[in-house]
Amino acid sequence: MRHIGIVMNGVTGRMGTNQHLVRSILAIRAQGGIAGGAETLMPEPILVGRNPTKLRALADAHGLDRWTTDLHEALAMPDAEVYFDALATPERAAGVRAAIAAGKAVYCEKPLADDLATALDLARAARAAGVKHGVVQDKLFLPGMLKLARLIESGFFGRILSVRGEFGYWVFEGDWQAAQRPSWNYRLADGGGIILDMFAHWEYLLGDLFGRVKALTALGANHIPERVDERGERYRADADDAAYAIFELEGGVIAQMNSSWAVRVYRDDLVTLQVDGTHGSAVAGLREVRVQPRVTTPKPVWNPDLASPIDYREGWALVPTNDPADNAFKAQWERFLRHVAWDEPFGWDFVAGARGVQLAEAGLRSWRERRWIEVEELKP
Amino acid sequence: MRHIGIVMNGVTGRMGTNQHLVRSILAIRAQGGIAGGAETLMPEPILVGRNPTKLRALADAHGLDRWTTDLHEALAMPDAEVYFDALATPERAAGVRAAIAAGKAVYCEKPLADDLATALDLARAARAAGVKHGVVQDKLFLPGMLKLARLIESGFFGRILSVRGEFGYWVFEGDWQAAQRPSWNYRLADGGGIILDMFAHWEYLLGDLFGRVKALTALGANHIPERVDERGERYRADADDAAYAIFELEGGVIAQMNSSWAVRVYRDDLVTLQVDGTHGSAVAGLREVRVQPRVTTPKPVWNPDLASPIDYREGWALVPTNDPADNAFKAQWERFLRHVAWDEPFGWDFVAGARGVQLAEAGLRSWRERRWIEVEELKP
Amino acid sequence: MRHIGIVMNGVTGRMGTNQHLVRSILAIRAQGGIAGGAETLMPEPILVGRNPTKLRALADAHGLDRWTTDLHEALAMPDAEVYFDALATPERAAGVRAAIAAGKAVYCEKPLADDLATALDLARAARAAGVKHGVVQDKLFLPGMLKLARLIESGFFGRILSVRGEFGYWVFEGDWQAAQRPSWNYRLADGGGIILDMFAHWEYLLGDLFGRVKALTALGANHIPERVDERGERYRADADDAAYAIFELEGGVIAQMNSSWAVRVYRDDLVTLQVDGTHGSAVAGLREVRVQPRVTTPKPVWNPDLASPIDYREGWALVPTNDPADNAFKAQWERFLRHVAWDEPFGWDFVAGARGVQLAEAGLRSWRERRWIEVEELKP
Amino acid sequence: MRHIGIVMNGVTGRMGTNQHLVRSILAIRAQGGIAGGAETLMPEPILVGRNPTKLRALADAHGLDRWTTDLHEALAMPDAEVYFDALATPERAAGVRAAIAAGKAVYCEKPLADDLATALDLARAARAAGVKHGVVQDKLFLPGMLKLARLIESGFFGRILSVRGEFGYWVFEGDWQAAQRPSWNYRLADGGGIILDMFAHWEYLLGDLFGRVKALTALGANHIPERVDERGERYRADADDAAYAIFELEGGVIAQMNSSWAVRVYRDDLVTLQVDGTHGSAVAGLREVRVQPRVTTPKPVWNPDLASPIDYREGWALVPTNDPADNAFKAQWERFLRHVAWDEPFGWDFVAGARGVQLAEAGLRSWRERRWIEVEELKP
C-alpha cells in the first residue's frame, strides 16, 4: 500500500467538492485504492483554501483531518506528492508555479491559463523541473464519449465526413428566475465568455476523437447583454454568451459546433455530437449514443405537400451500455495517479492544456478579424 | 370569368408536372378558378417543350389540347398573358427574354440565373419593358413556415436572438442503392452544387422571416467525391455537397445554417429551423412547429454523472394546424395571377430572385477567400 | 411494340391464376408492356387446360379471347413464342417436351420434375433444341429477400457465419377446421412431402445468397399421420410433414433450416432467415428485415436469477423500404421475357431447376441413410 | 435442528460464490434452514480452496469462520457430512474420490468429468462406497422450465411432436470490447468447447421433460477462430463455438437444438425452447413461457404479395407466475440435503451426470464421423 498525499487547492466550490474530492479522491479511497501489480495506491487529501470555515466544514463532513489556508505549509507536508488546482483561472498560475518549484506532480482544472503565453510558460516550467503534469479533460471520459470513441475504433462510420456539435441550454437571466450559473461567467473582466470556456473542451474532444483542429472560423455573440447577479443586482453582461464556429480538422473532417447559454434544448442532451460517415452515423450525448448504419438509412424523397411517411428518429438504434463507465473525473484521476506512481502513459499534459487555450484565442481572433485562422500545432 | 393563357415551358419534369401543372394550375382550374370581387380568373395552360412525345403524353393525360415545341408560336397565341419557365437554370434567360420582348408577364423557377449579372439584367429588362415578373419561392408557403411566420408576428419570441437551420438527408451514392436525386446536381460543369441550390432558399426564408442577410461566412465541402449515375456509371462528383454557414442578419439575429446531402436525419423533418428568442423558442419543420415559451423552459444543471432527470423534448408543445395550408406552389401561383390580373401586391419579383443568386455567389466567394463577405442590398 | 404469345398451361389453380396470370402477365399488360431501348414487349396470353368451363370463365373474367383444351393447337398459334407450365409436377415433363419439340422458349413452375434424372433430361433436351428455358424461383424476388441480398452486397455482415431458417405454420388436420393446403401434399404417392417441396426453395435461396450447398444432413418427420381431406374423409398422411436439416455451404457458412407444417408461428413471418456475421446480423422475413450491427450488440451476462435487463428485440432496427419491390413472380417473368426477346442474362434455367430436385433427393437419402450426403455440383 | 457440515471446494469463482454459497447455502441459513417433519436441517459451510487470501476474504465477507486450503483437514471435521465440488472439470475427480473414500455424500457441478469413462468410474465408486451422490442440473429448476414442466404434466400439448431449442448470444471477441466469458472456453486444450458445455444441459432438459435422447446428429463449428484474451493478447480459439444438432427422443419427439456463442439474440431470452404438440404449443425462456393452444391457432394462407394480416406473436398468451420459483440452484440444494438427511428421492445422481458427458461425447463423435450416433441407455 502506497499512500500519496494530494494537496487539493480550491475544492470548496461545487465542482471541486463534488467531482474532484467526493466522487474522485474519496471514491478511490472507498474502493480500497488503485490496485496495481505489486502495490496499491491510496490517495490522502490535504485541503487548501482561503476560507477556514468552509475548509473545516468540508473536512469534517468527510472525516478528513488535514486542511490549511497556507499553501506552502501543505506543499511541505512530507507525503505530499501531488498538487491539484481548481482555483479560478486567473489565480491558477501562482499555485502551480509554487508546486513545480517544490517538485510536486501537478494536475489542474481547465483552462490551464487565460492566455496561451502563460499556459506555455507553465508547460515549459514543469518540463524543466522534471515534474509530471496533467490537465482535467473530463468530457473524454463521459459514457457517451467513450461509446463514441469505441464506435470510431470499430470502423462503424467508414470514412468520417462531418461532426455537428451543439452545446448549451438556457441560462436564466436572473430577474425572474435565479440564474443557474455564476455571474462572472458573463463578465469579460472576470474571465467570462463561452469561447474561453468551451473551445478548450472542443479542442480535446475533436482532437482526440476526429483529428487536430487546423483552422477555424468563429462568431461570438452577446445575446443577453444585461443580467441579474447573485445579489439581485443588474449588471452589464458583456462576455460572449454564444459562439458559432466551423472547424477544419486534420484528416479532412469538418466540425460545425454551436455553443450557447441562450438556447432552449430540443435535443437528447445538453451536449450532442452528430457524426456522419460513409457507412453510418451517430448522435452522441453525455451518456447515450444512437446510431444509424448505412443499411437502415431511409431514402427520403422531397415532397413537401405530404407529411413525411418516415419517422426519422425511429430508425436510430441505441448503443447498449455493455461496460458501465466510471465517473469521468475519477477515471482521469486514476490515470493521472498511475502516471505519477507507476509511470503509465498519460495523454493530457500541460501542452494539451495549452492547446485548449490556443484554440480559444484563435476563436476570439477569428471573430475579431472576420476570417479563418490557421491553428499551428503545439509540439509537446 | 377571365381566361388567362399561361405558356408553361419545361413542365415535363417531375417538379414541373407535379407541382406547377397538376397541383397548381390544374388544381386552380378544378376549384373553379381564382375568385375576385368582380371577376374570376381561369388559367389556361399552353405546354411548351422540346420532346413532342412527352408533351403529347402529358397533354393527353390531363385532357389539355394546346402544346407545341415552338416557344414563339406559343407566345403568339392570342390569350397568352403569362410566361412560366421551369427549364434548367442555364437555359432560362433566353425564354424569359423572348417573353419580355413579347410583353408577357413572366414567372420563373429559382434560381433565376446561374450568375448575378444575368439575373440583374433580366430584372432590368423586365422593368424596362413594364411587364410583371416573379420568382418561385415556395418554401415561404409551406405549412411549417407559415406557422413560424405567424409566431413571429404574434410576438411570441420576444427579441429573436438566433436561428439554427439544418437542411439535408442522405443522398445515396448510386452504387448499392440508386440515388434519389439526378447526377447533374453533383457536377459543377452541369450547374450542380448545394450552395447554388440552397442559398437561394435561405436568402428569402431568412430575409422574409428574420431580416436581410448582411454578411456571411461559408464553407463548402465535397464529402462524396465519386458517385454512380443513372446509367450505372461512376462519375467524378466535384460539386459541393454540403455547406456550413453563418449569417448575420439586419436587426442583429445570427443564423447558423447547415445544408448537406451527406447527413443522416435525426430530426423531425428534412428542413428544420430552431429559433430562439428572449421569450420563447420554436423548432419549425416543413409542416409542423413545436414551441417552448419562457415559462416552461427547464433549468438544467450540469451534472454529467447522472442521466438527466429532464426529458428535453417533452417540454415542447405542438402548434396546432388551425388553418390547413394550401399547396405551397399553388398558393404562390394564385398570388402571382392576382398580381397580373388585378395588380395586387406581390413581394417576390426578379430582384428578389437576383438576391438569391447574389447570396449563393457570396457564399462561394467566402468559401474561396476564407473570410466574411458583406452582402450589399440590391435595390428593387 | 412486339407482341409475344404465351401458352399458359395449368393456370386455373389458385397460384397459377393469381400469381402468374393476373399479377404477372396481365399486370405487365396493364402497365403498357416491358419497355426496352428500341421496342416494347407486350405479352399475349393463350390459356390451356383440361376443363373448358373453368377456362372460359377465367378468360371471360379477364377479357381474354384465346383459350383451348388442346395444347398442340395452342403451340401452333403463329405468335406463340413461350410455353409456361404450372401443372402438377408429375404431369410437367410431357407438355415441356412438346413445347421444346415445337421450338418454344419454356418457363416452368418448380419443382421442375419429381426426380433428378427427368429434370436433367429436360435440361439436356432444351439445350439440344436451342430453346431458352427457365424455372420459377420467386422467393428470390420477395421484398425481404431483395433487402437481404442488398445487405449482403453492402458488406454489412462482415464475414457471414451462419444462417438459421424457419419455414412453416400449422396446417390444420381437416377434422375440426378445414385444412388450408390440398391433401395431396400429405400423400407420398401423389408427390407430397415437405422435403420435395421446400428443399427446392432452400437450394436457390441459399445458393444465390450465401453459397452453393455442398453437403447436408436431414431428418424428415411424419408428425401428423392421419388427416381429413377435401371431401371430409380421413386419409393416411404418409408424407413427411416436417424436415430438420443442416447444410454446409461453399465458403464455409452453415445453414440450419427447419421446414414444418406442424409448427405454430412465434416469429415475425412464415419464413424467417436469421443471418449472423462478424459485423452484424439480420432477421429477414418475406417482406421485412431487421438488423443489429456489431456496435449495437448488447453484452448479456448469464444470470438466470434475475429477469434480463435487456429487451433483446428492441435492439434491432427495421431496414427501410427505400425501393418498393414489384410482385416477385412478375419481376421474374419480366426478366424471362427480356431474356427471350433481347437475350438479356437470366440465371435460373433448367439446370438451376434440376439443382432443386437434386437437393430434395439428397435430403431424402440423408434421412434414409442417417448420414451426411455430399452434393455434387451440376454443371450447366 | 440438525447441523450438516458441507465442505465446499472451489467456490471463490463467480458462479461458486454467487449461486452456491450466497444464494443457496447462505440463503438456506438465512431462511432458518430446511424444515422437515421432525427436524430442521441447517447447513454449515466449510470453505476449501487454494488461495488463502481469497478464502479469508470470502469467509470474512459472509461472517464464516471455517476455511482451509487442506481438503483432508476439511473432510476430517467432525460435522462434515457433504462434499461439494465446483472446481474446473479436469480437477474434479481427485476431490470427489477423496470424499467418497471418507464416506461423505458428494454433490458436484456439471460436467461430472471430461470423459465418460471417468464419469462412470466415479458413479461406480460412489455406489460401491454406499454414499449419496448428485450433480447440479440447475436449469431444470429455472422458473421457465418449471412452468414448461407443469404445462407438460397438465396435458396441454396433446401429443408432443417437436422441440426447437436455441441457446446463445454474442460473446465479444475481446478486441474492441472485452469478452464476457473466460478465454479457456474457446481453447480445446483447456477443456473449452460449446458441445462439452451445453450438451450436458440438453441431456437432462430433454430427458427429464420430453424423453431420453436415443440418437443424434451434430455439427460443431468454429466460427470465430481468433480472439483476444483477458490480458489483451490474441489467441487461437480452436474450440467449437457453435453446435447445430438434431436429437431423436424416446417416445418419438424430435428436438432440433442450436447452441452458439456467435449469434445475436432476436428472441425473448438467452435460451428458448419451442414445443409443438397436437393440442398446443409453447415457447419457454429462462423465466417466462408463452402458449398458443389449438383453438387460438391462426390459419395463415401463403400470399407473399401482401403484408401478413396476422401479427403472429400477438396470438400467444403469457403463462402467469402463479408460484414464484426459488433460485434454481438453491431449490436443487434443498432437494439434495433432504435426500442426504431424510432419504427423500433425488433424481440427478452421478449416473445422470455421466449421461451428460455421454451425450457430449456422442455429439463430438457424430460431428467427426458425419453420421447419426445411437446413444445407449446408461443404467443407474
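Letters A, B, C and D mark the chains as written, and numbering starts fresh at 1 in each.
The definition used in the following text is that a residue touches a chain if its C-beta (ideal position, glycine included) is under 8 Å from a C-beta of that chain, and two chains touch if they have at least 3 such contacts.
Quick caveat, the model's predicted, so the values are computed rather than measured.
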Contacts common to chain B and chain C (chain labels): A
Longest centre-to-centre distance from chain A, chain (CA-based): C
CA centroid of chain C to CA centroid of chain D, Å: 41
Geometric centre distance via CA averages, chain D-chain B, whole Å: 67
Chain centre separation in whole Å, for chain D relative to chain A (CA means): 49
Of all residues in chain D, the ones touching two or more other chains: 172, 176-177
Chain-level touch network, classified as line, ring, star, complete or other: other
Every chain pair in contact, whichever chains are involved: A-B, A-C, A-D, B-C, C-D
Chain B-facing residues of chain A, complex: 19, 23, 138-139, 142, 161-162, 164, 166, 169-170, 172, 177, 180, 217, 219, 221, 223-224, 242, 244, 246, 248, 254, 256, 258, 260, 262-270, 274, 276, 278, 280-281, 283, 286-287, 290, 292, 294, 297-302, 304-305, 307-308, 312-313, 316, 327-328, 370-372
Contact set on chain C toward chain B in their complex: 150, 153-154, 322-323
Chain C contact footprint on chain A (complex, rising order): 150-151, 154, 156, 280, 291-299, 310, 314-320, 322-323
Contact set on chain D toward chain A in their complex: 172, 176-178
